[in-house]
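Across the two complexes that follow, chain A remains constant while its partner is chain B and subsequently chain C.
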Partner chain A sequence: MEIFALLDCIISPACLLSQAAGGLKIGMLLFLVASGLTLVFGVLGVINFAHGALYMLGAYFSWQIMSITGHFGLSVILGALGVGIFGLLFERILISRVYNADLLVQILLCYSVVLILDDLVMIIWGDEFLSSVGVPEVFQVPPLFIFDAIIPPFHLAIISMSFIVGLILWFIMTKTRFGRLVRAAAVNPKMLEALGININLLRACVFMLGSFLAGLGGALAASVGSVVSGMGNSIIIESFIVTVIGGMGSISGAFLASLIIGMARSFGAVAMPLFTDGLMFLIMVLVLVLRPQGLMGNKK
Partner chain B sequence: MKKIKKYSRREVLRTSASITSVLTIGAGFPSILKAENNIKVGIPTILSGRVAQLGISVTNAIKMAVNNFNNAGGLDGRNIELIIRDSRAKPDEAARVCRNFINSDKVDVILNAEASGASFAVQEVIRESGTLCLHTVSETSSLTADPSIRAWNAFRFSRIGIHDAVGSAKYAAEIAKEKGLKTWMSVNPDYAYGRDSDDTFFWALKKFSPGFEIKGKGWPKIFQPDYTEVITQIARAKPDAIYTSLWGGDLVSFIDQALLYGIFKNTELFAINLADYTTMSAVRNLPKGLHSATRYVAAWPNTQDNRDYDKSYTDIYGDHPTNWSWEASVGIDYLINALKETRSTDTKKLAEAIKGKTRKSFMGVGDGNTVSIRDRDQTIVDYSIGWGTTISNEPYMTGIQGADWNTIKELENEWLTDKGWL
Partner chain C sequence: MLFLNKDNFQRDVFLGLLVWLILIMFYFIFPDPGIHDIIQKVFILGLFAMSLNILIGYLGLIAFGHAAFFASGAYTLGLFLQSDFVSNLASFSIPVAMLLAVLVSGILATLIGAICIRLKDIYFSFLTLAFQMLIYSIILALVNITGGDQGLMGGFPKPPFLGINLGKPFDFYAFTIFISIITIVILRQIIESPFGYGLRMIRDNSERPAALGFSNQKHKLIAFIIAGSIAGLAGSLQALLDVGAYPEWAFWSKSAEPLFMILLGGMHSFLGPLMGALIFEILNDFVTANTRYYGLVLGLVILCFVLGLKKGLLDWILIKFNRK
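Let's turn to the complex of A and B:
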């Protein structure tokens, strides 16, 4: 462990700012995906192992729309919306049939969908990885130098966009009738049904929103990363870590945990480059031992 | 009105049985006999997930050679029959697939096209069974360099980490001298191949250009989507040069993301695995002047044979071959030649016919454009290793220089001695 390298970094404004900005970008992108996962678990009680595959679909949809339209914004929005619609169908056709089934059945169903989608994208888009969607022309500029720290403007855009999405999500969940219904459905769905609320529609909407967030994460990731079958497998692990650390079902917890993971990866790469993944799991283990319900989760 | 004749169940069964028997004897049985007589080659490889291109480009290359062999009459009428199975890149699955090839399919030869982790598992299976094995794809040096892992019935037709490392270090040292590069960083995938590549490259660089400083090492996980934490380290450390053995989509993502930080404006990138068509064409804005080894490009070796190979492959599959394709092509060529020479599928006879053999090859840079299977460790040598710099469009590489195999072999021996393997 290079503890002196970490200390050097913390006392150097350039290093501190550079690593913090990097950690913020990693964390905010992770938040987009993990918030969808935690939302679906919190309301529907489903551990959606296919969430990573939806992230992958977002990347492929975005790539496809970009190659047709050549418009970055459109490719991100339509890519995410496409995944939202796919999620709606997925929930109605498959997930809705296993709400009351064993956890194992739910996991097996989701895992089967992951394998099917991984193969399906290879049939449709080919077995080779695809080039990234690319960043919009306006961001194809030299990076910013702030206190000697190098920060790409596109990263600032991703951080801002993710932050805005987080704010909208917070607003929807806390200030709207839909949000209140969703939170009520997480606690007592039978009571909601008795009050005449269409619980099936509510569940479908929540799953669609969760899928949209996964698709949005994938579409943004595709802007600076190759698009390939199975790309959701690594993000799903990090998303689960975030969900556990933040508290299963807690959006604000997911936000906090994503930032912790982003910073752990960014500063961990300075102090212990061979243990950055281990560090994430270590944080998760500590949370499970000291606060099993997660940082912002409720005791049940 | 015509009366419909009603058949009893017994009559229907009797007639069906007769027809089946006639069909089996008349057509099916000889084909079964013929299939039983085939020379069976089992190929464990990766056909699903994000490295599926590996298995596809390997099997394409093998099918191309096998079709030519079978169409020319095979071996005294015996065709090569390929049995291709997906291991999904899992070592335990690759071992299981191999055991099935040996015990159930009764294959004569295993042509292993697995990545390093699974190749070690395959090696253990074939060591026990004594089946002839031709390794391709895996580049971790110890598979054949370490005598305790080596097997008498296994031959290696893939690039080897230490060979590439010496070739790369020699080239990098020349560029370092020319441009005054003193400080280095490395970014390598955090698994056996990445560690091996990092160790051997810097070991060899010390021989050619001592006195450099390593400012840090990044170890991203294989298939990691986001390289921000590694890139910020590079941006902060500002090394003169970076060495990386990232490959495929991971390398593309790393370059795309590093470009946002303007990393390559003041830092030279030495990417050993960049110059494969699939990788170079996938980088969105491939910068000019990145250094790479020639994994497989039609431009190197600069021979008509190599251009012809590229064309025949491209004509059939509509895409360029990969580095894995040429390895498989050379491996299957050796096997076909051994079969013709021995007119047998006996493992010992085939192994004797392959061991120490020199053959003309489109990837050969030995005397008369040849490659050889070295007697000592049953490993391919004298294959093409070139380094050059990127340009944005096809042929993607320029200024290619070939590596000197005398230097490679000399330093390889030194490395093996250091390891206690020679």
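Let's turn to the complex of A and C:
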């Protein structure tokens, strides 16, 4: 462990700021994906192991749309919407059959979908890495220098966009009728059904929203990194970590946990480059042992 | 004794030896090394899956980090065989290293299990997953000892002991199956003992045994330790087979493999996971020989089992058979 490297970084404004910005970018991208996972768990009670595969699908969809239209904004939005629709079908055809099944069955069902999708994208798009969609032209400018810290403007765009999506999500969940229904469904779905609410429709909508968020995360990731089959297999574990640390089903908790994980990854890379992932799992273990319901979760 | 059920012990030993002899004859009847390879892998992975099924099938705890113990068994064996301390034992080095592998995995399972069993349901699953990934990260970080992401490099010696030379394919085949069958017979005793029925009781209604003055936590911990130790044994056999150990064995997807086997074979029959391992290996062999898209086929098969049969093959057969 290189504790002096970390100290050196913290006292230098340039390093501190660029690592913090890097951590914020990682954390906010993670929040997009993890918020979908935690939303689906909170309302449907299903651990969607295929969430990472949906993220991957988002990256492929947006890559495909980008190569046809060449329009960045369109590729991100249509890519995410495509995954939303895919998620809707996935929920109706498969997930809805296992709502009352036990945990193992749900996990295996989702994991089989991961295996199938990982191979399907290879069949459709080939098994080579697809080079990233690329940063849109507006952002192809020299990076900003703030206190000598190098900050690419596109990263700022990703951070603010994720932040706006988070705000919209917060608004939907707390201020709209739909959000109130969703929160009620998480607490007592039977009562909601008795009151004449179509619970199946609600569940499908929530799953679609969750998939949309995964797809959005994947579409944005495709603009900064390469697209490859199996790219969802690490994000899904990170999303689990965020979901657990924040409290399962809590979106505000996911926000907080994403920031913690983003910073842990960014500064961990300075302090202990070989153990950056280990640091995340250590935090996860500590939270589960000391506060199993998560930082913002309610005790059952 | 709490762990012994004498009634069936002799019968099980007899059956086990019989199966072993049949499989040895099988070795000579079908000289194809590919088939031998499948059979010994079925036993190694079957042990791994059966150990996990103690927790899943008999205790109802969905452990999602079982590969941690498989990997710890493999790495312990490899590292000890590379060390001077064990390799100086010459002809005893392999049995000693295997014992140490089981012991270290058992100690690891004690530490991890003691913490994990305090949690329930999905939280238990997540904590086992977190511990496993922590161990995976440690293996990657300790490059000097474990070889990092390259795996344990340089191989290790396999000196003969008691006239068994594991370097020879036949010796390895007979030895692996023998060790596996002994372990399965012992496991059968444990599962059919009062202790084993205690586990089922906790699974079906955890409040009742507690009210009867039964220590649920103690039973869970012992089951966790037994499961971890057997997984460690399976890992050590795998390491002997491959003459090495790889970090992927500690990755979460390795924990999914025994889950598939349990699903395919059945979690409510004792030998179900072993049958699952057989299906898994045959499928693996058949599919990889014909297509690159192994995941696609495996995924579809799992989907059929989850949504169609809704139980493992052996469970299904036994239910059909009993009805008639």
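Simple rule for what comes next: the second predicted complex is superposed on the first by the 300 of 300 C-alpha atoms of A that agree within 3 Å, B and C clash if a C-alpha of one lies under 4 Å from a C-alpha of the other, contacts with A are read in each partner's own complex, and residues count from 1 in each chain.
Assume a residue touches a chain if its C-beta (ideal position, glycine included) is under 8 Å from a C-beta of that chain, and two chains touch if they have at least 3 such contacts.
Here the structure is a predicted model, which means the values were calculated and not measured.
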When chain B and chain C are modelled together on chain A, clash or fit: clash
Most chain A residues touched (candidates chain B, chain C): B
Touched partner set for A:Asp119, first chain B, second chain C, both or neither: both
Touching partner for A:Leu274 - first (chain B), second (chain C), both, neither: both
First (chain B), second (chain C), both or neither touched by A:Leu109: second
Partner chain(s) touched by A:Asn233 [first = chain B, second = chain C, both, neither]: both
Contacts of A:Ile26 with chain B and chain C, given as first, second, both or neither: first
Which superposed partner A:Val244 touches (first chain B, second chain C, both, neither): second
Touching partner for A:Asn298 - first (chain B), second (chain C), both, neither: neither
Chain B versus chain C as contact partner of A:Met284, first or second or both or neither: second
When the two complexes are fitted on chain A, the stretch of chain B hitting chain C, from 6-14, 60-68, 96-104 or 240-248: 96-104
Intersection of the chain A residues that touch chain B with those that touch chain C: 118-119, 122, 233, 274, 277
Contact footprint of chain A on chain C as seen in their complex: 56, 62, 64, 115, 118-119, 121-123, 125-127, 129-131, 133-134, 136-138, 140-141, 143, 148, 252-253, 256, 259-260, 263, 293-296, 298-300, 302-303, 306-307
Interfacial residue positions of chain B with respect to chain A in the complex: 48-50, 52-53, 56, 190, 216-219, 221, 223-226, 228-233, 235-236, 248-250, 252-253, 256-257, 260-262, 278, 281-285, 319
Residues on chain A engaged by chain C in the complex (per definition of touch): 47, 94, 97-98, 103-105, 107-109, 111-116, 118-120, 122-123, 233, 237, 240-241, 244, 248, 272, 274-275, 277-278, 281-282, 284-285, 288-289, 292
Residue ranges of chain A touching chain B (in the complex, touch as defined): 9, 14-15, 18-19, 21-23, 25-26, 29, 118-119, 122, 127-132, 134-135, 142-143, 149-150, 152, 154-155, 221, 224-226, 228-231, 233-235, 265-266, 268-270, 273-274, 276-277
